[in-house]
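Both complexes below contain chain A, partnered by chain B and then by chain C.
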Partner chain A sequence: MDAVEKANAERQKRWVKDRKVGEGTYAVVYQGREASTGRKVAIKKIKVGQFKDGLDMSAIREVKYLRELHHQNIIELLDVFSSKTNLNLVLEFLDSDLEMIIQDRSLVFLPADIKAWMAMTLRGLEFCHRNFMLHRDLKPNNLLIASDGQLKIADFGLARDFADPGHKMTCQVITRWYRPPELLFGCRYYSSAVDIWSVGCIFAELMLRTPYLPGESDMDQLKTIFRALGTPTEEDWPGHTKLPDYVPVGQFPRTPLRDLFTAASGDTLNLLSRFLVYEPRKRISVRDALNHAYFFALPHPSHPSKLPKPATQTSRPLEELDGNVEMAGAGPGVKANAPNKLKRKLTSPDGTELRPLARRLDFTQLAKHS
Partner chain B sequence: MAADSAANVVDAQVNSSIGKISLYEGSTQYKSWRYSPEQLERIRISLNVAAVAAIRNTFEADEPGSSSNVLFLGAGEEQLLVKLYITKIPQLCGHFRFPEEVEATAISYLKRFYLKNTVMDWHPKNVMLTTLFLATKTTNNPISLESYTSNIPKTSSSDVLDLEFLVSQSLNFELAVWHAHRALWGIWLDLQSLPDVTEDLRPQDIYDIAIKHVRASRFTDAELIYTPSQIALASLALASPLLAQRWADSKAPPGSIQPLSETMEPTLGAIKYIITQMGHPPDVEAVREVDRRLKLCKNPEKVPGSKAYLARQAEEQRRAEEKRHKKAEDVRRAITESNPFGNELNDDEKATQLAELDDDD
Partner chain C sequence: MSNRTNVGGWLKGKTVRKGGITSSNGHTARSSTPQVQSTSSTVFSGGVKDASGRTTEYFSMDDQCPVCKSDRYLNPKLRLLVSSCYHKMCESCIDRLFTLGPAPCPICQKVLRKLAFTPQTFEDLTVEKEVAVRRRIAKEFNKRREDFPDLHTYNDYLEEVEDITFNLINDIDVPQTEARIAAHRTENAVLIELNLQREEQYAHALREQEELERQEKEQRALELRREVEIEREERETSQREIIDRLETSTKDAAKVIAKSRAEAMKRSSARTTTSTVLRSSAQLLRARAAQSTVIPDPPHIPLQDNWDSYEDLYTLKDQYDDMYSDAVRKDREGIMRAGGYRVEEAWDRALRCAVAGLDLPPLPGLNPSPERTDVAMASV
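On to the complex of A and B.
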């Protein structure tokens, strides 16, 4: 046996798969444990060798970034090994996700709970942005919750670096309901502000207990956003009518956030409005958000161990996990995983990030020495 | 460790000046891919010795006495061949107009691969093609395999894909690489804000010369020994000692007595030496001779279709089969034992439980 195979076999022996707990589009997830300690882990088995372009981009991104990122609010990748032509990611085991918690009608959220989840999300995101990484798929379903209540950002299948300003990027990222207007208008030079918009949508969803901006198509998404926040004027967002996919979608008046978020404090609404600023450059940065008065005002954020969690988490039935079945107690007609399907389609090997060579060459020439 | 403490200070400074200190120090490159020159030599020799022994065995198993006349490659010769293929990466990247990030990443992968494998098992030509293709993806510049292979003469998609998994495994799935050309850019930006570095002190051609030295360093072991910032600073020092000194001194921690440029001199000197002495393509004639000999001593187990290759495959299949049987048996036993009415467990249930068995490991 080669040294490389031997090393792999040894890694593989450290981990035991116990049972299947879920299935994503490109991976099957098992509950397992570390053989020597019994520590519970999740083993995400990614099928490779089925893609005509070899290792799939989502798998590559996920492994690449999780290998490097170590932070309390980012899911920990404990090990990577391969079995035949499968890639296995050993992840810390996380009992639930924020989507399940939001949809569990038996749980009551206090403002302090929401503040704690927001602080943990922003801390994890601050670490990504500080290290010039965009997540590009923030949503409640990708914010996993550990048994001690810690929130962990997961699913780095769409992440990328943004060290090069002015580097053209695809706008086909972020699940629709959490996608900012600049991406919906086809903007290809964007920044960390795209993740901030998603955080704003999540913040609103935590208060409303239902998705804040659930558009039914990309076009309808813009309409949904403008209906909620008012159609932007040239003054709100200079130059937006010049963006590649700009289309007028109708004039809607701006209604005060207060009308919908009746119980929220002034600080809460102020922070929410700064996440949801149209002009990306004026949108609050993650660092400023963490220093916002909201986090210093009372009530203090709940301690993670005191946060609400689903009662039935130990025995999640399997059907709930495979994405097509409506979650028990979900909001009206909200299918838990529907937007995911969209996301995966976009990252398939035929997806938009994979441009034909001719176009790529033009573009790299432009980008040279940038 | 090769990095002395003053250099580390500078490194931290450079990295924080480009905002990346925390990630770099927690990076897989920092933790898994830095060696001393002696470590590198030891690793290469022991890989070479183990490979020669294994291949000799295979030859003998096939035909006793057949290995005695074979002139196996030495570790230095393996290195020479790898170096030749390293120099082919910039050529290919020029052809495809890939960004510099792709080129530098592919080269790092190729070097790292041969710290886990030997050329007698895997010829660097295909490994090079695979590392480059993988690098286009890991740096987020993917192109389709079709357009990749159709632009490289005599290359099929299996030449690239067959090794992709082995390459990723050898890299330990540590795919992020930190590069000296980025660090150099960071230093260059810093220089523009130093008060005592006026514009006429830093003409563009100094940067151009420095980046050439960074590129030359890719043909050497420098990146396996030193940090990107150290290599960048040494490259700048080759282009302009004055600028390198000004920059280093501006980064000295407050209250230090000795200028940082002095403390760092030994490290920078060593890197400058590596770049100027080793930073060029190898002599093609010498490599050709090595490649000729490689044809006679490569591992037959890795030559598809050969007797040894088929024997090894059969053995692997047998082992996998055995494992699957054992596992299925275990599950069957578990089902029967856990159910007092084991025999009455209906077939559907049995089928589902068996289906959930992960049969590929």
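On to the complex of A and C.
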């Protein structure tokens, strides 16, 4: 047994698989725990043998990005190890997702709750974008809720880094209902604005409690969008008729959002309309969205511990995972946020001490091994 | 007097179908106006209208015109109408007597006009008269309790109204009574108009409320149907499950059935709890509101992490001499622009990656160049 195998075996011993929670197309999810502490985790076993060109792409993406991103609103990848021919990802265990909460008719949402969820989603997404990463599959189903109410973005199987000049990217990403019009038109060069559209759809869904733009096919999706927001003109979105898969879908008049969102405040509608702008370059950026008046207006966003949770905490039959039961916490509602360490350190230009940075190439370990 | 039992039906606006032909004894029946075949060219309107604005016409097999003695046996299309002096006569008599202008009533000699005849609603003509009189009086004397300083004066007013009504119905001192009505009308013209408007508003609100209630009821019925449907489906699947299990498992049949039953029970009880929760959503909202005072909601803070994005170490310029993004910047068709791609992001990324390395300790075993920082800064 060589050193690598020995290290792997050691890692494997740290985690215990308890029971199967769900099965997806390329992975089986188990609930497990850390052997030493008993902390609940989710173990995602990726089926390797099935694919003839080796490991599935999304598994590589998930490991690649989650290894680098550590943020309170992004799911944490605790460990990776292999067993026989399988790859195992150890993720934090989260009990529910936003889709379950939206669909649970017994829960009542306050405007402050929606604000809190939106703020947490945007914070997680801002961190992705700040590190030049597109998530490319934002939907309520992928926004998991921890037991203390914190929302965490999960499923980085479609994520990739962006801003490479001249690199084509695939347009077959993002679940259809949350897919922006530029991807539906087959655009191969896009930006962080694609995630913003999805956030807009989620925002609307939180208010409506039903998917905002549920298209039945890719064609129908465009029609659904235009029916809701009006067909874009060349002025609204310069150059969109030149996009590879452009097809005229018919003329629909623009109806004011107020007609559908009758109870929403002016700030809310303003933010929503800026998420759902056709021209991607004019769509609001995550950082601007976080500084939008909507978030500062009363009511303040709900404290995470007070957010509605589904009453019955059943295990979800899906491939994505679930929240971390805080063993240390005294229970929901008591544990407050970690003290706000707030913002980036804008001082200390001397930079003598190490700054915490998201993507660091750690040469020290490399040097040690060599 | 069997039609009397139908009075309630009339008040509720129900149309009692014409039964003249079906009732074999040939006693009484009613029909709404359009079903009565009129032999006259004149359209007789008026009469007692119900809530929906229709007139239900009284109609009996024993009808006989008091003037020409013609009856339903001789003339199956016989239609009796009521004069303003509350005497009945048939349409052909009315046509014969009044077509040439006003003429005296053949029974009481009061001068009548053809258009003053109205369809009959009640069998008893005194009731017909009373209803008509009360309607008329209610329009004029529409003061309310609020319009009086105390109960006593209001009671006096009601007494007076009842007095006038009684006089009109029984034809006592008619000219005097009419004079009283006219006096009241001139005295209280403004108030009467105001109360009329109020009544209209009230009726309108009532209609709206009824409509809302109806919609709510429909919604509830729909939900109930859906629930029943779900329950039925569940029952079916559970039955299918039992059969499946009995087929495949080797366990005792009774045990398998008992287990499946228990599961089905659990499911159905779970459903009832969710539906009760649904009903008390208002309470839930109140509970949430109460809770919000216990743990305060902190104001919004845009970013809560302490990761550094090195924005203090560089400033992004508008233009760079960059051969890699040439194609993008030229972008003949504007495709990249339309898709939202921005080359500034590429530059931003390149710069940030460059400055992020400045803090790293040098690799052990390598010779770091002393002017490392200066070089990097200069390139920015």
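Quick note on the criterion: the second predicted complex is superposed on the first by the 310 of 370 C-alpha atoms of A that agree within 3 Å, B and C clash if a C-alpha of one lies under 4 Å from a C-alpha of the other, contacts with A are read in each partner's own complex, and residues count from 1 in each chain.
In this section, a contact is a pair of C-beta atoms (placed from the backbone, for glycine too) under 8 Å apart; a residue touches a chain by one contact, two chains touch by 3 or more.
Keep in mind that what you see is a predicted model, and the values were worked out from it rather than measured.
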{"item": "More chain A residues in contact [chain B versus chain C]", "value": "C"}
{"item": "First (chain B), second (chain C), both or neither touched by A:Asn291", "value": "second"}
{"item": "Contacts of A:Asp259 with chain B and chain C, given as first, second, both or neither", "value": "neither"}
{"item": "Touching partner for A:Lys20 - first (chain B), second (chain C), both, neither", "value": "first"}
{"item": "Contacts of A:Glu235 with chain B and chain C, given as first, second, both or neither", "value": "neither"}
{"item": "Which superposed partner A:Asn86 touches (first chain B, second chain C, both, neither)", "value": "first"}
{"item": "Chain B versus chain C as contact partner of A:Arg130, first or second or both or neither", "value": "both"}
{"item": "Residues on chain A lying within both footprints (that of chain B and that of chain C)", "value": "127, 130, 132, 163, 349, 354-357, 360-361, 364, 367"}
{"item": "Interface residues, chain A side, partner chain C - complex", "value": "71-72, 105-108, 110, 112, 115, 119, 123, 126-127, 130, 132, 162-166, 182, 187-194, 237-240, 242-244, 279-281, 283, 287, 290-291, 295-296, 299-303, 305-306, 308, 311-312, 333, 337, 340-346, 349, 351, 354-361, 363-364, 367"}
{"item": "Residue ranges of chain A touching chain B (in the complex, touch as defined)", "value": "2-5, 8, 12, 17, 19-20, 30, 45, 48-49, 52-55, 57, 60-61, 63-65, 67-70, 80, 82-88, 127, 130-132, 160-161, 163, 349, 353-357, 360-361, 364-365, 367-368"}
{"item": "Residue numbers on chain C that touch chain A, as the complex places them", "value": "270, 274, 277-278, 281, 284-285, 288-289, 291-292, 295-313, 322, 324-325, 327-328, 333-343, 345-346, 348-349, 353, 356, 358-361, 363-365"}
{"item": "Chain A-facing residues of chain B, complex", "value": "19-20, 22-23, 26-28, 47, 50, 96-99, 116-117, 121, 133-134, 137-138, 140-145, 147, 151, 160-161, 164-166, 168-170, 172-176, 182, 356, 358, 360-361"}
